[in-house]
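Pasting the structures here.
Two complexes, one shared chain (chain A), two partners (chain B, chain C).
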Partner chain A sequence: MKHSTFLLFSLPSLSVMFLFIAIPIVSVFIQSLHIEHKQVIIVTENCDPFGCETTTSVDTEASAKLKEKAPLGKFNGFKTYSNRMHFAFDELGEAWKSSDSFTVFVKKLYNYPLYRALSFTLTYTFIVTPFVLFLGFLVAVGVNNLPKMFKGPTIFASLLPMIVTPLVGSLILFWMVDGDGVIGATLQKIFNDNSLSLKASPVLTWIMLMVYGIWHLMPFSFIVFYAGLQTVPQETIEAATIDGASKFQRIRHVVIPHLMPLAIFITLILLMDNFRVFEPIIGFRAEAHATSISWLIWNHLRESAYPLYNAAGATSMITIFGVAILLLPVLIRTWRDFKEKNKG
Partner chain B sequence: MNTKIENKLTPVRIIAFIFVALWLIVAMFPFIWTLWGSFKVQADFFSKADWSNAIFGFHTEKQTGSFFTMGGYYGSWIEEEFWRAVINTSIVVFFTVLISLTFGTLGGYALARSTYRYAFWILMAGLIFRAMPHMTLISGYLQPFFAWNVWGILPTTIIVLVAINQPFTLWMLHSFFLNIPKDLDESAMCDGCNRFQAFRYVIIPIMWPGVITTGLFSFLLAYNDFTVTSMLLSDENETMIPAIASFLGTVQEEGKVMYAVAAVVSATAPLFFFVLFFQRQIVSGLTAGAVKG
Partner chain C sequence: MIFKKLILVGFISLFFSSSLYAADCGPNGQSIRILASDFPAIHAIANSAESNCAGSASEFNRNHTTEARQIMNAAQTPNPAEYTSVIVANSTLVQLMNDGLVRPLDDLVEKYGGHLKSNQLITVDGKIMAIAFMANSQHMYYRTDILEKSGVDGIPATYDEVISAAEKIRAAGIMEHPLVMNLKVGWNVGEVFNTIYLAHGGEFFKPGSAEASINNAKGVAALETMKALVEYAHEDHLTQASDDTQGLWEAGQAAIGFMWGSRGGVILDNEGSSAEVTSNTVLSAAPTVTGGSIPGATLWWDGITIATNVSDSEAEATFAALVSGMTSEMVAANNDDAIWLIDGFKPGPAAAGVSATAQGGAKSYPMFAQMGLLHNALGAELVDFLKGSESAEQALSDVEAVYETAAKDAGYL
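Presenting the complex of A and B:
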């Protein structure tokens, strides 16, 4: 295809991605390097017979002027990245010095929002992903063994937890595990403890969110594995059977190697999706015990009276960096494949 | 290979059967429970004393005189004006899908037919964009949108959703067009067509299966989005999902949780029919990227 034709065809698509993905990333980066202007404060002293009083007021005119002059704010370098909202280097140095054991230090680390969010996001990603892979594979093998008439309805029912909006899905589960909801109340009865609440304890909150994550994403790995199972070469299976392989051995030595490329594909998608976990935290109202990186950005923009653009920008840049690290092995592999393809 | 041995009930088969049955209960029960409970009053749906109240509607009958009540639906749709959110969602979803597919089809076709190295790099950039949490882009949008006075309106959200959707659409349609033999449009070009005519008369008539499958996923992305819509839409232009989220804040305090439950069921119902009608295409779309590697 000629360059000019290519450009004509892909122009709308490329320009929309350039304008609304590439440029915003740059602008987020620039934002993260600036800090909002301090309000210009006027101190006036009023003296009357009873004494002097100082009052402070915001000089709105001067503040507005400053803002007009430099709408992004004051240049702040990488200081936002190192403040206590983010990497908190100074505070950590002190914590390291003052704590006598590593566990104490880790506990202190957990006080800082970024490390808190990172710890949940990474734990969530690296626990939910293997569970989803494993359980999805089991269900796929199970469904493959079902009589044909059950297969369609099973797939239909399995798709629902994945298709449904994450916020809505988490709300549906949240209402059920509520202290008054069906699962919550039943658990309270089983353990004979009326104050038992999945929301109150950090550990139970984390488990609840991860169970939701597994419930939400398992259909995806199930469907892909199930489709993969349809393409397992029957001759190899038959040959293995004739050679005396048991059902388990056939799965272990024929089916699993055949599905390996699919497992890598699923892992990649799951890592990307789990790393951006956000809606369940809103749905389960879990922010007291579990925060994710996406939630942190949302919080910077939403919860305070003024959006903290610099903090949101810095957290966003750290997130993008994290995603790049996650993706690096894949990118290197694709690049190698591409080079080999071009050689041959 | 449908021999007798295949259909015998072995222990392995029974375990597999039980396992699948368990999964089905886990997958379906929350939906059935919430759908049924949305026609009850709060005292039944959140019944601490006895969960069977939620099934038989003990308090519902006492309070309203019937086993079923539309109270939650009336409250959310009429009183809290959830219908506005439904209309906004329809507009956003319709235009997002339409524009995404138009742009994606053209771009995907170009990427599939180009042999130059930059096509590879565009696809790689798409993969990176696809991996980025959407939230990271939001803070980049807010300031310019406020400055240009385009924050809060539907067209802005639509174009942002189109952009966020584009990497995925491009990848999917690119691999779909790779499957259409090159010879088809090239022979058309030999017969004197230019690239656009070849696209118009040869490719467009046969591209619909792939376009529809991709469209289903664009639909899901636009319909399910919370990140973009909650940050970029003003209160009166809210779509369904952020509307439900803001329900939670206001409604919870007034003891009208059932409004939110009814809204949640209303938002889920279209997806239910969506899966019912398009199950085959969804499955083929999910596996399209995978099986080809």
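Presenting the complex of A and C:
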């Protein structure tokens, strides 16, 4: 294909990407560099049915004038990135100096929202991703070996966790793991401990969130692997069988190499999805024990009276960089394979 | 012919009667649009405004949503605003005033508000900014039968007495976790701290400035009280808000509760619970600290406001319609839906807790412009202390640090 033809061909999608992806990202970045103008505060006497109190109010006229001059807000540079809400450089310096061992330092690190969120987000990503990949593959192989008449219904049932909206799915589970719920009460009975609560313990909350994540995402890897299994060349399988390969050897040496590009694709998508884990934390009301990067963005914007656009913008940029760093090894590998193939 | 005449007479008399007895609805043919939260008392006010004045308005729209707080600023900022009136509470009035989205009501009160009581008028710097119609606050709920069975004398009036009563109930083997409180991470847990901190006589900010001042002996004492209470609260307390605590209470799984007054009517009615629970549930004042006199609660009011960014005649019609509903007849018809501030209210058992708390001298929820930011910081940072992984001083200094960062970004410091 000629270069100019290719360019014309991809122009529509490129321009849409520019309009709806590139420009918003740049605007979010610019927003993250600005903070609100100084509010002009006046002391006022407020009276309500219960009495009068001296409090403060915003002088809206004076504040509006400031806003009109520079609608973007006050330029703040990268201070939003370095302050306590994000990388907390100053505080970490202090903590490093005042800690006598690395474990004490890590414990202090955990006190800052970004690091706390990162610790859960990364743990979640690196545990859920391999489990989903592996279990999805097992289910796909299992379904592929079923008699034809059972395949349809089994595929449908296996896809259900993906079809259920994450928020609804997690909410239903939240009720089930309650002390009065089916799962919660059963666990209490099994361990003979009436105060056992999946919601009160940090470790159990983390496990619950990850089990939920695996349950919810497995259908995705299953269905992609299942589609891939339909393309495994039967001649190679037959040849391997004639050579005396066992079932396991056929999967290990024929099927898995054939599905490798798919596995890389699924890994990429899963890493991205898991790094942005959000709904289960809301659904399970797990904020006390587990927060994620996406939850932080939501938290910055949650109070409509005081939306911290700069903090939300900064956390969003950090998310984008985080995803880029996560994907880098996989992308580099793909690029190398691609170049090698072209050489051959 | 006679039939036709009869119909005509009927119409004429109908026309006269409706125009004679109708409330004063202000200018005709205006559009009235109301944004409000979603609970029975607000429906009662809006219903009576609608039945009085929808006829003379060109449109009468109501949007009742529990998420009103989240959308009101965005909805009211454009000119013309999306709603001509927002029904607010203490904190949401501040939220709107911070952006200049409500107008002073002095002239409208003079014209249409003859029947309002003076304590319904919410004034900021001498200007009337809202008309309150109901009060609310947190207070104590207790089960007489369980307290009696476990040998507790009288009603616990201080936090220490609550804690020792809870211990007695636990020791008697009746309940392992006799307390319920709204401690869900975020707004709720922050609000519990606010109430107990106020009971200890604490101040949230240095006088005249937006600098937080909670990391002090009173703050630590408040946290210690909170921790002692939490020992006796349901294991999952960090996930529980009003609906959950109400559910536990109605299921008979709690003996002492700190819940909202607005839940009183719902808990005491004969739906969703057993007679054993409802007949033994009594609502009383929020406790004080030992030796103190301020009940651990924040008093709230709900009231109407009028938008800045609407035409004067729309504002007038909306105001006239809404205050036309604030009559003793409306109160008589909906007496148990709220603790009404309007004439004609007869306090029933469901109102006892809020009345006692207000009479005990509880403080209003503070109306500082920057209060929401501090409340947020409290909601996020106290959890580590309650889980036991942090000291009280550390938790409070974290709250101040988080507040400071957010307040700087939002321009308050």
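In this text, the second predicted complex is superposed on the first by the 284 of 344 C-alpha atoms of A that agree within 3 Å, B and C clash if a C-alpha of one lies under 4 Å from a C-alpha of the other, contacts with A are read in each partner's own complex, and residues count from 1 in each chain.
We take it that contacts are C-beta pairs under 8 Å (C-beta built on N, C-alpha and C of every residue); 3 or more make two chains touch, one makes a residue touch a chain.
Keep in mind that what you see is a predicted model, and the values were worked out from it rather than measured.
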- [ ] State whether A:319 touches chain B only (first), chain C only (second), both chains, or neither.
- [x] first
Open item on the list: Just to be sure I read the superposition right, which of the two partners does A:158 touch: chain B = first, chain C = second, or both, or neither?
Closed with: first
Task: Partner chain in contact with A:179 - chain B first, chain C second, else both or neither - done: both
- [ ] Classify the contacts of A:240 with the two partner chains as first (chain B alone), second (chain C alone), both, or neither.
- [x] neither
Task: If touched residues of chain A are counted for chain B and for chain C, the larger one - done: B
- [ ] Please work out whether A:138 is in contact with chain B alone, chain C alone, both, or neither, and reply first, second, both or neither.
- [x] first
- [ ] Applying the touch criterion given at the start, work out whether A:48 contacts chain B, chain C, both or neither, answering first, second, both or neither.
- [x] second
Open item on the list: Let me check the overlay on chain A: which residues of chain A are in contact with chain B and also with chain C?
Closed with: 178-179, 285, 302
Open item on the list: Quick check on the complex: what are the chain A residues that touch chain C?
Closed with: 35-39, 41-51, 53-58, 60-61, 63-64, 74, 76, 80, 83-85, 91, 111, 113, 178-179, 194-195, 197, 199-200, 202, 285, 287-289, 299, 302-306, 308, 310-311
Task: Residue ranges of chain C in contact with chain A within the complex - done: 69-74, 90, 92, 94-95, 97-100, 119-126, 132, 135, 176, 184-186, 205, 207-208, 210, 235-236, 238-239, 299, 301, 341, 358, 362-364, 366-370, 372-373, 376, 380, 383-384, 387, 390, 394, 398, 401-402, 405-406, 408-412
Task: Complex interface listing, chain B residues touching chain A - done: 1, 7, 10, 12-13, 16-17, 19-20, 23-24, 26-28, 30-31, 33-34, 45-48, 51, 54, 102-104, 106-111, 113-116, 119-120, 122, 124-144, 147, 159-160, 162-164, 166-167, 170, 195, 199, 220, 223-224, 226-227, 231, 241, 244-245, 248, 257, 260-261, 264, 267-268, 271-272, 274-276, 279, 282-283, 286-287, 289-291, 293
Open item on the list: Applying the document's contact rule, which stretches of chain A touch chain B when the two form their complex?
Closed with: 1-3, 5-6, 9-10, 12-14, 16-17, 19-21, 23-28, 31, 71, 135, 138-139, 141-143, 145-147, 152, 154-161, 163-168, 171-173, 175-176, 178-182, 185-186, 188, 215, 218-220, 223-224, 227-228, 231, 234, 238, 247, 261-262, 265-266, 272, 275-276, 278-279, 282, 285, 293-294, 297-298, 300-302, 307, 309, 312-313, 316-317, 319-320, 323-324, 326-327, 330-331, 334-335, 338
